[in-house]
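Multiple structures follow.
Consider the two complexes below, in which subunit A is the common component and subunit B and subunit C are the respective partners.
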Partner chain A sequence: MLDIWLSGFLGLLEPTALTFLVIGMFVGLAFGAIPGLGGTTALALLIPITYGLEPFAALALAGGVMGAVPMGGSITAILLNTPGTAPNAAACLDGYPLAQQGKGGLAIGASASANALGGIIGTISVLLVIPIAREVVLIFGPPEFFLLAVLGLVVVSTTSRGQMLRSLLAGAFGLMLAFVGYSNVSGVERFTFGNTYLWDGIHLVPALIGLFAIAEMIHLSVKGGSVSHDSKNVKVIGMRQGMMETFNHMGTVVRGSLIGTIVGAVPGVGGTVASFMSYSMTMQASKNPDSFGKGNIQGVIAPEAAINAKDGSMLIPTLAFGIPGSAEMAVFLGLLVLHGMQPGPLMLIDHQVEIYGLIWALTASCVMAAFVGLLLVRPLAMVTLLDVKILVPIVVSVAMVGSYAVDLAIENVILTAIMGGIGYMMIRYDYSRLVLVVALVLGPTAERNYFQSMLISDGSWSIFFERIPSLILFVITISLIVYPIMGALLGRRKKQEGSGASGAGS
Partner chain B sequence: MTKLTRRKFAALAGAAGFTLVAPACSRNDTEAGYPQRDITFIIPNGPGGNFDSFVRVISPAMQKYLPNEVNIIPLNVPAGGGGKGLADLYRSRPDGYTIGAVNVPGAFTLQEQMGTNSFVLSEMTWLSTIAGGETYAIVVAPDSNIQNVDDLRALSQQRPIKFASTGPEGTSYAAIKVASEILGLDTQIISGYRGSSDYIVATIRGDSDCAVATLSTLRSFLEAGTVRLAASFEPESSIPGVPDATSIGLPELSQIRVERMVAAPPGLPDDIKQVLNAAIDQAVRDPDVVSWAEEVGHKWIPQARGNGDTVMQAQAAFFEKWKSVILS
Partner chain C sequence: MNKYFGSPLIEYLPALGFLVFTIIYLGLANSYVAVIGGEDDARAFPSGVAWVMLILTLLDLVSRSKTSTGKMLLRVLNPAGQDQGPVRGVKVPPGKQIIAILWIFGFAALMFVIGILFAVPIYAFVSMRFRSKLPFVLAASVTALLTLAIWLLFGAALRINFYQGIFFEF
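Here is the complex of A and B:
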């Protein structure tokens, strides 16, 4: 085993592979930063270039792109509240408030080190899991996926304290949006109004761009000024401080990485859920959860660690069985096939050196991208000082173009505009966009897997309790619902007892 | 104001006349020599999907065999489950600069669902298939009690047999419906899986009794011993020990095939059609392409040049015959 790991690593050190790794890293960083593009588009564009290359060089290129995209995306998420890719939207929640406080450098520094550390921890986890990859993939079937989706929804909705009703409303709205489109379990079109575009449902990336980027730009335009309120702090870059912050919160990093690794291995649930779940669980575990959403550095560290960890584990179902965990993985599959490597049970046997080379490439790119991000922190943070009059038109045009670029469909731009309006309303009236997004992502997964589970079990709900993994998930979900209620009830009783005693004493 | 001199008038008239005539000139490519610029190859799937690799391997090969040096650029249009790509292809100008990949019989089901406002398959220009089509096989988990078709029939008497599949708009769903009808099985389809690998793994896991897939898709699983075949719909089984359509006594099963067609918009001129068919034909036999197919394990049998119309007629007849079963 060790010698194959080593061969994989040494293969990367060859000049061709190394060159393509670095090229891929820069491409990934750039594509990740521009909203709407991202790893999927980058890989799709690079596939023809890889055609004549040796498989190892092609994999180095792919690993370079995939490892760097999250870092690129986090930069725009933090500085402009515009997630470069869907999973980066979680970093907007605290990263952008930090930028507004003039601490953009701090946030990017923390994001960079979280990226690097998360990637490394993710790699270690994947290396440990690969020998049992097949068994892992076989454990998770429709009942488990359904319960995971429900768990994800419960996690994010129970963490919005004091705003339970608004979160539930946002989540319900997200679910409503999620069910638009063609259902491929029942073969029925819902709310498509005969429109081909809506056949695929509400397209996630354009919706996210609208909800976060456009909404924020509207908000900024109404407010005026610039992103950062405090120009003094921007000059005093907290880069090193940001890096160190991550080491102060290693628990958050490890938790985020583990969540990323586990969620990433489940096909179809993906990076967005991994990052939002990591954010929510960190908020719940925190001593002052109310500081989240206002510039708590942990709110940047948690999701960014998760995103990079998920990159490695997404390879597990992709390589073990040829089941792509995300659109990016689907393109990557195509790249593998183009180079004569058929993903499937044989892949893990016949192409071990290449696979480990890929994993090394992913990790190396992740760390390198973090360094490059750190180097660019100073000039990048200056963006937050730009006046709204300059910033808004640029961001809106780039965001709209990015939205169009996702599917080359003008309807995407219309969707982005509409979601932008909705997002602005949500900012104004303090509704959680996080819950809406998670509901939008998890809704289809939950529904499809529920119906499949019912078909498998002939309509019996016992299927959710028969298998050990689903039983475990069920118990976790129930306890997450019950625990806060119990805590609130006990707290109230203590207060009553306390005031009763003091009342009697006075 | 300057006078409109005769010279100026003539110049203006010439310019106006030229702008009217110029577009017609560019359409006359066969005289100038088709192709004159890059050709778009529409793929109605996402990148990395089923048909995607085929097109991406064929395109550089086709470029070698075109009369002029131009690029063939694959363009993914996955929206609408592939419907948008087909609609775009249908509405493009029949000038030979847009061609597309069409998965049949899946495209027929899509046409039924989307209505003929989007595209009409019978009107498109059919070029050739990319190598031969493939038949299906019934795959089961290695520890399954189902050994052959008789076991399936016996099980079907007790309860509906569960097949795992992609959605109703897909080819595997149609294949299961037709095969069940021919074999006389009572089946229930657990649909909505996200691809052939997904539903094959579902069968291994035990979500379903079996599934259908092409032999190319199954190769990796078979060699690793993670699945077993209960039957193959080939006329003659290529895998020892597995019954085929002939030995089961139902040769009709071998008519259930997935074909990878290359098509062009309606009304493509014949001479451009010839050029494209020649390029596809030679590309399919190109040594680089053949060795790629071998490496990946695709059954690669080049077909007669320009067989598009013949194959589509057979496919259309097949779909017409089984339409009520497939759409039920």
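Here is the complex of A and C:
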């Protein structure tokens, strides 16, 4: 096994492969930073270019892109509250408040090192998991996918402490939007009003651009001034301190990376769920959960570690079964086929050197992108000082054109505008956009897998408790609901006992 | 401003918006009949979620009032809402907020009608020059650079065919 790992690594050191890795890394960084583009667009645009390349060089290019996109996306997420890619949206929650406090450098330093460490931990996990990949992925069936979707929703809904009602409302609203489109389960078009654009449902990327980028621009234009509240404080300082913060929170990094690795390996769940789940679990584990959303550095580290860790594990279902776990992986699958590599169990036997080369390329790109990203932070941080009168038209224009560019549909622009209006209202009236997004992603997965489970079990709900993996997921879900309630009740009881004792003492 | 059950009308707006949306959604959801599988499969999830949404919206609506039931609901279900006003951040007149949203819708409509490459410079220049009252030279320079950057990135580098608007499409 070690000789194959080494062959993959040495193959990457070939000048051609190394050159394409670096090119891919720069492309990924740039595409990640521009809202609406991301890794999927970058890979789709690069596929024709790789046609004349050796398969190893093409995979190095793809690895470079996929490894660097998260770092690019986190820079704009932190500085402008505009996630370059959907999974980076979680970094907005604490990264942007830090930027507003003049600590953009600290947040980006932490994000860069979390990205790199997450990538490395994810790679190690994948290298260990690949030999048993087939067994691991086969464990999951429709009941487990359904419960995983429910678990994702529960985890995120319980994060908004003190805002349960409005979080649940946002989640239900997200689910309602998630059911728009053609249903594979029932063969019916729902809520499309005859519009073919809506057949595929609410397009995620344009919706995210609206909810985050456009909504924030509306908020800024109403508020005036600049992104940073105090221009005197906006100095890109503290990057080294930010990097050290990541090492001070290694538990958060490891937890995030493991969540990213596990969730990434499950097809259809994706990086957005991984990053938000990592954020939520870190918040739940924290001794000071109320500081999240106000600029807690762990709120940046946790999702960023998960995003890069999931990249490696996402390859498992794609390579072993030809099941792409995300849109990015679907495009990547096209690249594999173009170069004569047929994904499936045989791929893990016939193309081991290429696979390990790709994994090394992903890791190298993560680490390089972190360093290059740090070099680019200073000029990018100056953006937060820009007057919103100039910044808003620029960001709105680029975001809207980026939204159109996702799949060359002008309807994307209209969707982005509508979601921007909704996102702004949610900001003003304090509804959680995070819960809405996760519900929007998980809604169709939950519905599809629920009906598949019912079909398998002939309508019996016992299927969700009969199998060990689904039972484990069910128990985790219930625990996540019960634990905070029990904690609150016990805390209240303790408080009452305390006040009773002090009353008796006096 | 008139108050209803102790709170101004603006406080109820989001919950009322959700209520109207949910009622329409529920009506539509119940009209779907599955083509594949069981007859109810098409509406089971949307309808179920919409009923839950209806309950949550009504709770949200009541929790926004200053009645004893409203205060109790807010304390139990959404305690974070107790120590804040109707809106987050600085208080801004509703008219200013509506105008800010309308600018975005206006830009989207402009893109739809005259295409991307005309809509971007018009929106950017008008926004900076007439809405924000920036100097003509600054507004024109930023507009030119922005349009050029968008053309270079999306048009020249990515070879994306820009949408040309409903009047210029063939």
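By our rule, the second predicted complex is superposed on the first by the 496 of 506 C-alpha atoms of A that agree within 3 Å, B and C clash if a C-alpha of one lies under 4 Å from a C-alpha of the other, contacts with A are read in each partner's own complex, and residues count from 1 in each chain.
Convention: a contact is a pair of C-beta atoms (placed from the backbone, for glycine too) under 8 Å apart; a residue touches a chain by one contact, two chains touch by 3 or more.
Everything numeric in this text was worked out from a predicted model, so none of it was measured.
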item	value
Touching partner for A:G421 - first (subunit B), second (subunit C), both, neither	second
Touched partner set for A:Y431, first subunit B, second subunit C, both or neither	second
Contacts of A:G187 with subunit B and subunit C, given as first, second, both or neither	both
First (subunit B), second (subunit C), both or neither touched by A:Q163	second
First (subunit B), second (subunit C), both or neither touched by A:L408	both
Touched partner set for A:F451, first subunit B, second subunit C, both or neither	both
Touched partner set for A:W199, first subunit B, second subunit C, both or neither	first
Partner chain(s) touched by A:M400 [first = subunit B, second = subunit C, both, neither]	second
Subunit A residues contacted in one complex by subunit B, in the other by subunit C	183, 185-187, 408, 451, 455
Interface residues, subunit A side, partner subunit C - complex	34, 41, 45, 160-166, 168-169, 172-173, 175-176, 179, 183, 185-188, 190-191, 214, 217-219, 221-223, 389-390, 392-394, 396-398, 400-402, 404-405, 408, 410, 413-414, 416-417, 420-421, 424-425, 427-431, 443, 446-447, 450-451, 455
Residue numbers on subunit B that touch subunit A, as the complex places them	46-49, 52-53, 56-57, 60, 74, 76-81, 83-84, 87, 113-115, 118, 162, 166-170, 188, 190-195, 197-198, 200-202, 204-205, 207-208, 219-221, 223-224, 226, 292, 295-297
Partner subunit B, residues of subunit A touching it in the complex	40, 43-44, 47-48, 51, 134, 137-138, 141-142, 182-187, 189, 194, 196-197, 199-200, 267-268, 321-324, 327, 329-335, 337-338, 340-347, 349, 407-409, 448, 451-452, 455-456
Touching residues (chain side subunit C, partner subunit A) in the complex	13-14, 17-18, 21-22, 25, 28-29, 32-37, 41-42, 45-46, 49-50, 52-53, 56-57, 59-60, 63, 73, 77-81, 84, 86-90, 92, 96-97, 100-101, 103-105, 107-108, 111-112, 116, 120, 123-124, 127-128, 132, 134, 138, 142, 146, 150, 153-154, 158-161, 163
